[in-house]
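Have a look at these structures, which come just after this line.
Two complexes are shown next, each including chain A; its partner changes from chain B in the first to chain C in the second.
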Partner chain A sequence: MLSFIVKRVGQSVLVLLITGLVAFSMFTFVGDPIDNMLGQERTIEDVERLREQLGLDKPFVVQYYRFLEQAVQGNFGVSYRQGRPVAEILLERAPATLELAAVSGIFAILMGIALGVFTAIRRNGFAANLIMSASLIGVSLPTFLIGILLIYLFSVELGWLPSFGRGDTVDLGGWTTGFLTASGLKALILPSITLGLYQMTLIMRLVRSEMLEVLRQDYIRFAKARGLSDRVINFRHALKNTMVPVITVIGLQLGSIIAFAIITETVFQWPGVGLLFINAIQFVDIPVMAAYLMLISVMFVAINLLVDILYAFIDPRLRVAA
Partner chain B sequence: MTRFFDSDIFYAFRTSPVAIVSALVTAILVLSAVFAPLIAPTNPFDPASLNLMNGFTRPMEPNAFTGETFLLGTDDQGRDVFSTILYGLRISLFVGVSAVLFAMVLGIFLGLLSGYVGGWTETIIMRAADVQLTFPSILVAMLIFGVAKGVTPVEYRDQMAIWVLILAIGLSDWVQFARVVRGATLVEKSKDYVAAARLIGRSPLRIMLRHILPNVLSPVLVIATISLALAIIAEATLSFLGVGAPATQPSLGTLIRIGQGFLFSGEWWILFFPACTLLALALAVNLLGDWLRDALNPRLR
Partner chain C sequence: MHRLSTALALVLALPATAEEFNFAVTTDPQTMDPHAVNSTPVLGFLNNVYEGLVRRGKDMSIEPSLAVSWEPIGEGEGWRFKLREGVTFQDGAAFNADDVVFSYERASSEQADTSSWFAPVSEVIKVDDYTVDIMTTAPNPIFPDSIANWMMMDSGWAEANGAERPDKEQGNFATLNANGTGPFQVVSRQPDLETVLEPHAGWWGEVEHNLTRVTMTPIQNPATALAALLSGDVDFINPVPIQDVARLEGNPEVRVIQGIEARVIMLGFDQQEGAAESGQGAADMFLDPRAREAVAKAINVPAILQTIMRGNAEVASQMVSPAMRGFSEANAAPYAYDAEAARSLAEEAGLAGQTIAFKCPNDRYLNDEAVCQAVTSMLAQAGMEVSLDAMPVSNYWPELRADNFDMYLLGWSPGTFDAEHPIRFLAATQDDEAKLGSWNFGGYSNARVDELLPMIQSEIDDTARQAMLDETAKILQDEVAYVPLYVQPLVWGARSGVELTQRPDDFFILRWVTVN
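Let's turn to the complex of A and B:
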């Protein structure tokens, strides 16, 4: 078991080193940092001095090592566009994205499980079939169109919910939250649905197929023979046994929610990390792009590692295979 | 040709209404994209044909100033929405198809190589594939687009955007092809005909391309169709986010981006018709891919 964990951690570190190399190469090959820092009026001596000061005369490997050293300490340099440290900007934007991701994750899990159970129990019912067909269309709709559709319906036509921004936020010592004001909560509704819809359909279809599988088992028939009520059978016996694969998928989808927040944040002009990243691409703001890349890869690699280790705990066969 | 009409595939096609309808929709959209200059009433990129007075004309209603009527209305600059959709469809399809072709060639080559050669080559290629698969492909495409944009000189950025987009989406999508081709190559490699080809002294490259490749193509075809739907959506998403096709060469995604700005003032048609076109295209290609997968894979039936 220990050797498996060590091996998996080693692989994860390798992946992070490679993405770090990609992020570092962006600095080295895209534009000249000297150009970015010195103005038009500069002498060759200035350039040489700065080159030495920044360590740009050192070999590639040394520069890469120094980049990693700084990155581990959370130092990604200064944004070309905003002229402020990247870490500061990211920290300022993170609460918005995390709150949005949390709410859409909860929405996806609760609605996904509820609808999955419903469509499995009423397998041939009209409503269940309707939900299943709707989910097919939902999967093929691009996220941004869903967002626009919701804005059109609830903001333009009905005027119930705001179409952009976070509403009023409260500052809790560096963490700005939208949970404490009415307008903040209202502003969360449409973006969360947009972001969570895809994951919701995924969870729903998974719960449904797992439920259908479990409901065929002998112990369910036995529970029926014992005269237990449908509710006890469906929720206490069946649903519980569908949860293992569902939890895995939820874990793996966590990273996707944060990544796809880029699209939702752009549609709703949500002031989060994703919108920052898109603006960074538009203006070729390399430090912000590199920092975002590192941040998101740490997250993805950590999630994958955790899921793999959890799996190895549950299923001993995997320890040998890997 | 008769061989084709008697084949199982054609029979499966003839008996599936979904396949016929989606093939028809795809064909109509592809044809109207190809013949856009002939079908479109105006050339939306020719400033001489534009009249600002025609701006915001509602669909099927004559303009208040000029009295001209447009099938799907006009946008803020008086461009005919129908024409911009046709030209946008052209760019969307061009980017989608080129990106998939690029991903396919790259994926097939790397897949064959890692499957046939094995050893270190295989380890490096497949590890790279694993690393890339850790991230959603749209994110990979965004990053590649951002870096490529940074490398291009400022004055060429708009002209190069389409090619950068093809590169970004193609590079984000090769893993699927490589994995499937590698798996199939591993199976084919141990068969007698490969051993025979090796015995008569054929070069490894020739064995890979002439002998193994034709035998691994059918799963590649399925992945290519499904990838096309994904590539079209990816392109639209990137362009919508403003990191794709520029406003001077608008794809369907760019048109939706432009149209979103007019949603609040009630000019719904600038957004609505490009969105419907994108949806029809993505849905039709997707359904076609699903059907092809089932038809080529009799085990699933």
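Let's turn to the complex of A and C:
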């Protein structure tokens, strides 16, 4: 078992190094940060000097090596745009993204399961059909458009919710939270619906099909024959068995919520790491882009690693095969 | 009863809320250091916090600020500035000549992005606590105009916080904190999220605004910014997307403020013999002035403005707009649109059968890519084949620097508001030593223009200077060094009840804002 874990960790590190290298080599296509850092009246001399100071005159393999060397020590360099340590900026922005991801994740899970069960039980009902068709529209519209539509409806037309930002936040020793203020909670509603909608539909459809599958099983028929109430059959017997694959999918989707947050954060000017990344691309802020990409790949690789190890615990045959 | 309580609530609410002002910008100023980055978002914002010796008024004219008066020394050896007494920085320290000398050393240092403003300066001398002499290497008539954005920093504050020099790469205390003499002071700063200002109680000037607290939030997405304005979450946005202007005009709750920016949008050409080529066309196609003239005549600028800019811009005839000092009235006629003449000129110059590699940014100027597409099809109608390549600006400048173009789009806003500025950067022959022609990507070169430039820079007599500027403008027009297209519009949006002044440099000056 130990050798299996060591092997998988080693593979994960290799994946990270390669992702980093690919990402780093792509930075050469994003453009040149120098012009953004210097004003209109810059001279060619200024350009050359700054490029040398930032080490941008070196080949990208050398730049990547330097980045890794620093990153291992927890130092992601200084943002070209803000002139502050990247690690500091990331830590400052992380709470916004994590809170948004958590709320939209909970929204997606609760609504997804509830609607999934409902549409499965009332398979041919009018409401269930309506929900199923509406979910198709929700999935096919781009996140960007959904966000803008929600803003126009709830902020501009109705004036109920703020159109952008995070509202007032409370600082809990380095972690800023929007959960403790009224404006912070109001500001969470639209972005978390926008971000969670896709995941919600996914969970809903999965729950529905699993549930329909389970409801066809013999033990449900026997339960019905025994005269148990629908409530007990649906929730105690059927739902429990539906949840096994659903939980696996939810776990895997957590990472993608954080990664997908980029678009939602841009639309709502949500001050999280996704917005930071978009700004960094426009400004060719290489240290920020590199740190963000590494962070996201570490997250995905870690989730996959954990899942693999958990499966190996559950199913001993995998250990041998690996 | 209900009505009474509503009225009461209004009366109670007005004084408390009306003076809080929220506004949104597209680009957050990347630093609070007035000497670190020479860009509109930074200088425009910091003009509310820091002040210079002189400042620009509502009509862009130069007026006293931290200097009460100034006069040339002798035969143009420099300028003597008399400083305002009794001015204090926002931390309470007094302002005097030492701060001016310190700010000169700081702003002209190698680490500063503003050092080019001080290229003509040889020395800054403190005469007494409230008199400063700024010596120039040659007579410099527009020197006071050229330092309107040179902001004064307190030497004691900078030294105490280790910010004696700007630091673009690592940042320092002045990157996130500010201490100016201006009417507003920064009370909290969260880069890219929110910056809060409050009036500086000890400001020397007469207060015209009625703001008690100002919050600036960057919103990059234009649709979100517009929604924020419409829903009342912000009181002001800059810019309003041009395509939404007509729709906003029907809304009584908001107001669109339109003006003309100082920026002229123009086409540039590769005019270097045997220069590196894009590979798409034959080399040297624009060496022939007839080829450049063909392009000038083929473009119907009014049509572009009507359709793409929705009537919000003016046709340009020169590298500066009529609002700038030194604009040549004698050469105010733009190139006339004449597709037939363009067609025959293009044939004479041998453009037929060649493909012009046209480079264009797609995120730098208002509707830049759409304008380039229109130019491309207009040239096609005049028999010229164009391959358009539009890209983000961070890829664009390296492309231009590498000479990978036959023709390109450029916008130029003269920092000095004087016609000399674009001549120095765009028309002078490239010379890295003398720091001339640093944006002259096409390598345009004319001996007479090079000869006129230093004379324009040091001529004190306005009439003689204008005559030289007229001559330069005529040469550039006759040779079609560039094809000026139009002066870019400024479109701001505000809640009704907000009174403000729009300046062509796109600076949003808070001391002119009142909220009713």
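The rule is simple: the second predicted complex is superposed on the first by the 257 of 322 C-alpha atoms of A that agree within 3 Å, B and C clash if a C-alpha of one lies under 4 Å from a C-alpha of the other, contacts with A are read in each partner's own complex, and residues count from 1 in each chain.
Simple rule for what comes next: a residue touches a chain if its C-beta (ideal position, glycine included) is under 8 Å from a C-beta of that chain, and two chains touch if they have at least 3 such contacts.
On a predicted model such as this, the values are computed, not experimentally measured, just so you know.
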* Thinking of the overlay built on chain A, is A:L98 touched by chain B (first), by chain C (second), by both, or by neither? -> neither
Q) Between chain B (first) and chain C (second), which, if any, makes contact with A:F164: first, second, both or neither? A) second
Item to complete: Check whether A:I148 is in contact with chain B, with chain C, with both or with neither, and answer first, second, both or neither.
Response: both
TODO: Considering only the touch criterion stated at the top, classify A:R81 as touching first (chain B), second (chain C), both, or neither.
DONE: second
| query | Just chain B (first), just chain C (second), both, or neither: which does A:A259 touch? | reply | first
### Query
In the superposed arrangement, which partner chain does A:Q282 touch: chain B (first), chain C (second), both, or neither?
both
Item to check | Contacts of A:L228 with chain B and chain C, given as first, second, both or neither | outcome: neither
Message: By the touch definition at the top of the document, which applies to A:L293: first (chain B), second (chain C), both, or neither?
response: first
Does the superposition put A:I5 against chain B (first), chain C (second), both, or neither? neither
The shared contact residues of chain A with chain B and chain C are 29-31, 148, 151-152, 156, 163, 266-267, 278, 282, 284
Seen from chain A, its contact residues with chain C in the complex are 29-33, 35-46, 49-50, 53-54, 78, 80-84, 89, 92, 148, 151-152, 155-156, 159, 162-165, 266-269, 271, 275-276, 278-279, 282-284
Chain A partner, complex, touching residues on chain B are 131, 134-136, 138-139, 142-143, 145-147, 149-151, 229, 233, 236-237, 240-243, 256, 260, 263-264, 268, 271, 275, 278-279, 282-283, 286
Given the complex, residues on chain C that touch chain A span 30-31, 36-39, 110, 113-114, 116-117, 167-172, 175-176, 190-194, 217-221, 223-225, 227-228, 230-233, 363, 392-398, 413, 415, 425, 432, 435, 438-439
So, in the complex, the side of chain A touching chain B is made of residues 15, 18-19, 22, 26, 29-31, 137, 140-145, 148, 151-152, 156, 163, 256, 259-260, 262-263, 266-267, 277-278, 280-282, 284, 286, 289, 293, 296-297, 300-301, 304
